[in-house]
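In this document, chain identifiers A, B, C and D correspond to the written order of the chains, with residue numbering beginning at 1 in each.
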Amino acid sequence: MHASFPVEERDILIPGRERETNQQIPGDPSIWVFVIGEMVAFSCYFAAYMWDRGQHHGLFLQAQRDLSQNVAALNTLVLLASSLFIALSVHATRAGDFAIASRFLTLGGTCGAAFVVSKAFEWSSKLAQGLTLGSNAFFMHYYMLTGVHLFHVLLGLVFLGILWRELNKGSPPRARLMEVGATYWHMVDFLWIIIFPLLYLMR
Amino acid sequence: MVLYFRSTLTYVWLLLSALTIFIWWLGTRSGTGSREINASGAVVVVFFFACVKARLVIQKFMEVSRAPTWLRVTCDSWLALTFGMIVSFYFLGR
Amino acid sequence: MTGTSTAAARRLRATKVPVLTKTRNLDQWICWWSIPIFYSVFGLVFVYLTRLMPPPSPGHTTEQIISFIQLNATHLQIGIVVLSLSLGLASLSSGIIVVQMRRMQGVSPALAYAYLAALAVAALPGCLFCGFMFALAAFRPDRDPRLIVLLYDMGLLSFVGSLGCFVVQYMVFAIAIFLDEREIFPKWLGYMSIWGVVTELLAIPIWIFRSGPYAWNGLISFYLGTIIFVVWEFCLVVCLYKAIKAQPIDESLQGDDSLAIAR
Amino acid sequence: MNTTDQRICLWLVPAFGALLLLAFCIFPGFFPPLSPTLSAEEVAAFYRNHVGQIRASMIICNVCGVAFIPFFMVIVVQMQRMANPSRAFAYSYLSAAASGATLFALANLAWLIAAFRPERDPQLTMMLNDLAWMAFITPVGFILAQNLCLALGIYLDARPHPVFPRWVGHFNLATALLMTPGAFALMFMTGPLAWDGALAFWLRIGTYALYLGVMFFVVRAAINRQASEEGAAA
């Protein structure tokens, strides 16, 4: 399970050092245990959704019309931008530009927070229309999928907060921790990339 | 700070955003309205590009393209299986 | 920490140690073995004897519920007797985890105590309560059918739907692993504990739905949650094994309280 | 020593406290509290008509209701720092906190089970409703024991710079006293001591909310003192 690379060397950041060598696990192996597990778990949610969709085909088509595709597309763009900022932040950390890395991190976190706020508005507008978790099979999946994803986003924001402290603590940050956090954040992003067409676009 | 944007990552992001807008356009216009786009065809295209987007994030942002083979294979198989699962459930459930 | 603790260890080594404790970490190994034993008994009780895992459907009609209770009455009773006798073993597993959590560096005992308290809460509404509701139903299966349905609901909903205590358990465990500077447990076990929190959230809809993947016998709320739990528990047992193996002998001789004072 | 973990447990209080406050406001039976004098049919109708809100509110309570335990455990750790003759009070506090949380979890289950099948026989729904309210309001004994242990620990703390200032001990005793009337909800249908009464409900809930709020700052100060003391010693 444990890494083949010397942990101490990678924990200490050498400015200007890119991870040019191949065959390295990004971040550390622990986070990949988590990411792969999440992939499998989310596949199960997707499968359950698709199975129920087959059972209640008409209902799903009808209920989907109550969602706002445009807002969801905008959400996707916001999350993609946040991913870019986080990736750039990792690059800046490697280059030793901690102040810039911190600024990119803040931008990424702001996008993530915007996603949460917009989801909160989306949910409250649906709830105001009387569409709740218990309304029908489609909204059950809608709330559970977006809810579990939102929980991951919130956890990701906590993670970004930890990274922000790491970058601003005065001493050089641990590059590995930055990579781990970024890996988590990108996972949240690509899961949404699948959820978006699944819930909003599938006719 | 601006210098950092001169990176492949920015191009990847531009491509990802363009693909998002494309599948949003295709998805919202299929199966509805006057200019009918074949719904099942659109679903296949939409999910194909969604998986392409996810793969771009995994390969470029998560830097899996430089990771050991087992990790690359795992990620790609997950994408392929998810795509296959969604599309086959879609056609089975119609 | 070091000054006091080595002095304490020297003092302890100098005093005569009773024969049994000469076996390294014997107490922890006893607790460790209780975990596989407990879960084997647990599986036997819930899968084979009481047939509550996988759970019977929440969508059953009153007649189906009554026939489930009547047909299984003897099985249920034997199973719950075994459960009543063996549930205490679960305390042994929290005991050993608390010991290992207290070995962590840079973490106060607060998280270990929270783990202990959360599992003390969980044992009642999360497990034994269910058994007792079914014991009540099986004791007089000819009771008013509406009461049998009530007991059936109370049993299964409390069993699958007690979420908060487990959320706290997983959460404090994950926090402790992430903060620990000594790597008593590997970090990936901490990430897996986050799945634990997620599985509890996935069980939220069992309070609403009586069929489908999010019902109390559903694909996600029950099966996925159970699979993740089994995997987590298995990894925990393996990690505990490694942690006890790696524990230095001096340290294992220290009393729980001397460790805390040294902090 | 590092106090990060204690600070995390401390900040769980406002995070989960906000969620619980939300749940409290969503629940349709708190403004005003559901009267114990309602007939079985009225209680059943309450669950039928408000099923969504009851479920939403109580599911939040289910997930978050036990989440103050880490905070109480921080208090246990702080009590262990006191120069008391032994740690008996700290461990008693731990045990009382766990038992008290169990009863809250039980009350929550009863509410949710009542809402699970709103079509149930009204007599049974009423019994579940009674169970929920009683388990929620009346078992104040554990909170009394917690506060008493903490107060006694503070009074017996022989440190030159006590872990908690003495007024916290008085404050804990006063809170314990103000929550006592809750226990009498077991025997009254009407009046201030019934479960919807001013003393058993509003005084009890209000006192507890205030108590948590004050203790948040008190414990935060204690952690800060611990950090500076141990930082100076190192």
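Definition applied: contacts are C-beta pairs under 8 Å (C-beta built on N, C-alpha and C of every residue); 3 or more make two chains touch, one makes a residue touch a chain.
For clarity, every value in this text was computed on a predicted model and none was experimentally measured.
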Comparison of C-D and A-D by number of C-beta pairs in contact, larger one: C-D
Gap in Å, rounded to a whole number, between the CA centres of chain D and chain C: 24
Centroid spacing, where centroids are CA-atom means, of chain A and chain D in whole angstrom: 35
Averaged-CA centre spacing for the pair chain C and chain B, given as whole angstrom: 40
Intercentroid distance (Cα basis), chain B paired with chain A, Å: 15
Junction residues of chain B - those touching two or more other chains: none
Multi-partner residues of chain A (each touching 2 or more other chains): 51, 134
Overlap residues in chain D, where contacts from two or more other chains coincide: 55
Touch relationships between chains, expressed as pairs: A-B, A-C, A-D, C-D
Parts of chain B lying in touch with chain A, wherever the complex brings them together: 1, 4-5, 7, 9-10, 12-13, 16-17, 20-21, 23-24, 26-28, 30-32, 39, 42-43, 46-47, 50-51, 53-54, 57-58, 60-64, 66-69, 71, 74-75, 78, 81-82, 85-86, 89-90, 92-94
Residues of chain C touching chain D in the complex: 106-111, 113-114, 116-118, 120-121, 124-125, 129, 146-147, 149-150, 153-154, 157-158, 161-165, 167-168, 171-172, 175-176, 179, 181, 200-201, 204, 207-208, 257, 260, 263
Chain D to chain A touching residues, read off their complex: 51-52, 55-56
Residues of chain C defined as touching chain A within the complex: 186-188, 190-192, 194-195, 198, 201-202, 205, 208-209, 212-214, 218-220, 224, 228
Parts of chain A lying in touch with chain B, wherever the complex brings them together: 19, 21-26, 32, 36, 39-40, 43, 46-47, 50-51, 53-55, 57, 61, 69-70, 73, 76-77, 80-81, 83-84, 86-88, 91-92, 100, 103-104, 179, 182-183, 186-187, 189-190, 193-194, 196-198, 200-203
